[in-house]
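Order as written gives the chain letters A, B, C and D; numbering starts at 1 within each chain.
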Amino acid sequence: MIIIMKDSASALQIEAVEKRLADFGFNTHPIVGEKKTVIGAIGDKRLLSMNEVLLMPGVENVVPIMKPYKLASKELQKEQSIIDVGYGVTVGGNQLAVFAGPCAIESQEQFTSVSRSVKASGANILRGGAFKPRSSPYSFQGLEGDGLKIMYNSGKELGMPICTEVLDTRDVELVASYADIMQIGARNMQNFKLLREVGKCNKPILLKRGLASTMEEWLMAAEYIMSEGNENVILCERGIRTYETSTRNTFDISAIPVSKELSHLPIIADPSHATGSYKYVAPVAKAAIAAGADGLMIEVHNCPEKAASDGEQSLKPHKFDTLMKELDPIAKAVGKKLL
Amino acid sequence: MIIIMKDSASALQIEAVEKRLADFGFNTHPIVGEKKTVIGAIGDKRLLSMNEVLLMPGVENVVPIMKPYKLASKELQKEQSIIDVGYGVTVGGNQLAVFAGPCAIESQEQFTSVSRSVKASGANILRGGAFKPRSSPYSFQGLEGDGLKIMYNSGKELGMPICTEVLDTRDVELVASYADIMQIGARNMQNFKLLREVGKCNKPILLKRGLASTMEEWLMAAEYIMSEGNENVILCERGIRTYETSTRNTFDISAIPVSKELSHLPIIADPSHATGSYKYVAPVAKAAIAAGADGLMIEVHNCPEKAASDGEQSLKPHKFDTLMKELDPIAKAVGKKLL
Amino acid sequence: MIIIMKDSASALQIEAVEKRLADFGFNTHPIVGEKKTVIGAIGDKRLLSMNEVLLMPGVENVVPIMKPYKLASKELQKEQSIIDVGYGVTVGGNQLAVFAGPCAIESQEQFTSVSRSVKASGANILRGGAFKPRSSPYSFQGLEGDGLKIMYNSGKELGMPICTEVLDTRDVELVASYADIMQIGARNMQNFKLLREVGKCNKPILLKRGLASTMEEWLMAAEYIMSEGNENVILCERGIRTYETSTRNTFDISAIPVSKELSHLPIIADPSHATGSYKYVAPVAKAAIAAGADGLMIEVHNCPEKAASDGEQSLKPHKFDTLMKELDPIAKAVGKKLL
Amino acid sequence: MIIIMKDSASALQIEAVEKRLADFGFNTHPIVGEKKTVIGAIGDKRLLSMNEVLLMPGVENVVPIMKPYKLASKELQKEQSIIDVGYGVTVGGNQLAVFAGPCAIESQEQFTSVSRSVKASGANILRGGAFKPRSSPYSFQGLEGDGLKIMYNSGKELGMPICTEVLDTRDVELVASYADIMQIGARNMQNFKLLREVGKCNKPILLKRGLASTMEEWLMAAEYIMSEGNENVILCERGIRTYETSTRNTFDISAIPVSKELSHLPIIADPSHATGSYKYVAPVAKAAIAAGADGLMIEVHNCPEKAASDGEQSLKPHKFDTLMKELDPIAKAVGKKLL
């Protein structure tokens, strides 16, 4: 931690700051410049409230040196995590993970039909919403428990892991009893109670980036889950909020290499929610794989114009099939395996 | 609802769209231009999934005409809501509401001391955090149940309503049994399960704006609560996320007049969280009152440099007292009463 | 300047960094922590390219300590600047400056009429656009030279300084020969050639904040002008670009107190361009004065529905008159003089 | 154009709006709903100031139907433009364009050395800055005229077109006499005088996206250039400003497919400026090609740690060479040719 004193700080004020830091077990090293004094403090900032120092007389600013997250960082684990999600499928290794399925589960027929088709095209994980976070209270909220059963049936039939969102701490046990991977949605990325609750489960967690979350906040959310003992966290970039309105959100392509720099956790990309339009799903999916993503989450619906939710961004099965074939040489070009 | 057809849309495609709309009970009015046909559709878009139309062949775009929220809008209620929060205090009327207290409740002594002092300065509602949403799992998470009791004691002693945050659907009943006003924090503004749960209570809800929420999303969150039967929603602007880093968030001063234009709900301002620095609390508080806010939420701590949370943004009691005196003539200038 | 070395940095790499800094005349102070070494470097970072160090092997990050601007900062001048803009009017003192007039100058009749009326209501500076930056090449681009003459005539007649925008380095001399204050618009805030050119004039400059500029970039733009010898810079906050669309831009109310903290330059507020709607001009104008602004720039048009530019955000003369009367007690409440 | 009337609009107000539109040559089609009346207006909105209508009594909102740009849109030209930039090189066709070179030109030796090396690796256009837009007045501002001559020599020697930025209307003639492609930088994207000036030249223009520009504003800037007669505009995505700070800007990968949807102009990507870090240049470059970009602009410096500008984001020649080899199979996967 570096403490920058004001130009006008007195010798007494500087001494007081050093004393306070020493009380917290820091070793301090003052650097006296012509205009300013700067104090280097060696110790673990995670144990100290920065306020204590920042509000002391004469202090201008405090610059932390260590990252605030630990388990999610590469400090303790340098090699990339590979997460086993069941049925022999892993996320984070050489084989790309492709989560596919409809936004909302509407019926067993719909889900079975879409599932069989995405499997045939090469997807290896089924996705679908049983509990839906909808911005309007008047919109369809999901089939809830019935939806979970529908997914479970399809997963078992096809031998594929299933991934579905959990919205409420009260539903974690129920969802965990059906799902192979539990999803924390963008709107709940800082629902800390929910993060802690899924952190107590032994199921892998797909953690979507919040609508306007920084990389650091995202990794701190992962840290919440991991600090409860569940280290199987998969990051999912799904677009951030910016001023641009030609796509629903702005897919942050740099988040892929940046997360690889900061963390050992695998990261996948969701071009469907990021762009909000089926027209842009394929180019952004290709970009994500080229940039080094460990997989994709793509919405596929057999009848997008009748979808109960997010139809504009869903691909029809034959378009998804084409996309998978187009992605294959790009995957190979970056040393990964898709089909 | 206005449906804009592509330049290339065929007569058959236009006819198909009209037929689909008619099936949903819309009256349609095609307008044939030189390049484009536009279809006006009269009916209630809230009943129809826009996908259905947006994905039909030949459709370029769909423009909704009605607002997606109803109870929170001025459609049904034109006059400003005045919300009774207990102990004879109201929010939304001529008398400004001032919520004051520490960010986190640390002990009965601390809370009693701060409460007495803010009451003496003219605050009429006590605020404090018992359940704290912290971005790090390693930070102090609040006194929880004990914090609620501490607040309750002070509220009773001083005859002041108390406001505190609820984070988890499982805690709503407990928090509602102590608090006069329950707060939904910025990070939970789209925690729809929690919104529904507090919507079932009969306690007023303070709904903070999400970190990156639009006015429409914010009013839709209010609609969630109101649609469950609880119409006592108080909005709270607390800064939005932008690229600017000289303050923690960017306080959106326009949100005050815009909310007055769109909704009948009262709105207060939280300059402490918005700016993140005690230095900027007073000017932003004055601005909010001048712009027409119905009140303020201000963090006050008797010892900010030892605060367990957010000390940088807390005012000391004597600074809060000065601020209240400075605010008084501004309140009068806009026809409101403060002290 | 603080140089943070990587966990893995070798003793040789640390030594090499120290040597390089010493070559640039810095005194270095290494602080050896358990995991990291940090090097404090005393000297003037403004003389050194940070690249040189940032790219050296073993370096993780470089943190500057001094602000990159100097003349615009309070380092050399602590007291608030008061700028004389002619005809006995100053900006930055106790008397608030009110710039008023139409967005674009359309004719002598229009400008004379609006000018007389805003003067009668208490404005003390005339504003109007002769050269207009329009986002469409097909929109009205201003009366150019003729517009300047029209303004000049009205200023002389009414004994009021005039303020108008300059867009092109080739027009600086011409505009300077008519205007009392030259405006650099938001879109040209980082047109560095233009900044240098107006820096060579002896006329006060109104420097609007760029559409998406940080406080630091804004003060660096002021520094460009000041470094050429023209220290008479007036800042103007006019809203920044965010994701929110209910107003054209988001007026950054905190920019007012933040600029007062960082700089001695006066700052005024332009609620017309920030909000883009006449409905929100009055509340935001009041907020700006309450927050400590040194003045306002407000668009007034005698016939906004026929305005050649930005009519939606213009006030009619009688609404401007009402606003001035409503602002007066707020100005008094913050110790300023308006009418 | 669609005019949405307020719920409370009177029959007289509706009639008045229809009459005004008719005066402007619009055919009007009122649609009377239960709560609202909506008026469809057929005609060319580009001829009418929307103010005129928006401010009429009873009007709630006006929704434009046609895009405000024409020459840059696909309305008149549907097929992708292919732009000849000299020496047999084109941008927009099957062969990818690779602009490479140092951020700033420092000497003939430096530029010759970098140029030869990037040519050997497969770049087909040389880039370099002679006039540099620097955020600090105290930073190196470029070799100006001497820099142009250096570039010209290298271009001639190697038979490669050269691309360099022009900052000032006064320099357009000079720069045009040396450069094969003139660049308008992000900070000047709405310097309308400069856009007009380069629109009068017959040299291709590389138009960088503004720091916080929407797709529409960007295409309007292209329209400015094209409306003066110069239709050879190449778009360049270089990252937009968002709240995220782990990269300098956020590269908007969707801008590539969105521009292809809206415009016939070619688009290239600049991962160097977007990310601000050499570490992220390669993954973002790959992503851009996979998403359908027509080329890349990449900073290469033989000695980034001694670069006079933007060294952190420059690749060393051998890293650029590796990147080109890695890009080749991705280019092939999307049907393009690189090496």
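One rule holds in what follows: a residue touches a chain if its C-beta (ideal position, glycine included) is under 8 Å from a C-beta of that chain, and two chains touch if they have at least 3 such contacts.
Since this is a predicted model, take the numbers as computed values, not measurements.
Q: By residue number, over half of the contact pairs should agree; on that basis which option among B-D, B-C or A-B is the same interface as C-D?
A: Answer for C-D: the repeating interface is A-B.
Q: So which one's got more C-beta contacts, A-C or A-D?
A: Ranking A-C and A-D by C-beta contacts puts A-D first.
Q: Report the inter-chain centroid distance for chain A and chain D in whole angstrom, where each centroid is the mean of the CA atoms.
A: 31
Q: From the C-alpha centre of chain A to that of chain B, how far is it in Å?
A: Taking the average C-alpha coordinate of chain A and of chain B, the gap between them is 26 Å.
Q: Using Cα averages as centroids, what's the distance between chain A and chain C in whole Å?
A: Result: the chain centres lie 39 Å from each other.
Q: Enumerate the residues of chain A that touch no fewer than two other chains.
A: Only 212, 241-243, 245 qualify.
Q: Enumerate the contact residues on chain B facing chain C in the complex.
A: These residues of chain B touch chain C: 212, 214-216, 240, 242-247, 250-254, 256-258, 261-262, 274-275, 279-280, 283-284, 286-292, 326, 329-330, 332-334.
Q: Please output the residues of chain A touching chain C within their complex, sorted ascending.
A: For this pair, the touching residues of chain A are 2, 4, 7, 29, 31-36, 38, 40, 42, 63, 65-66, 75, 212, 241-243, 245.
Q: For a test of understanding, state which residues of chain A touch chain B in their complex under the given definition.
A: Per the touch definition, chain A meets chain B at residues 46, 49, 51-52, 54-56, 68-69, 133-138, 167-170, 187-188, 190-194, 196, 210-212, 217, 220, 223-224, 227-228, 241, 304-308, 310-312.
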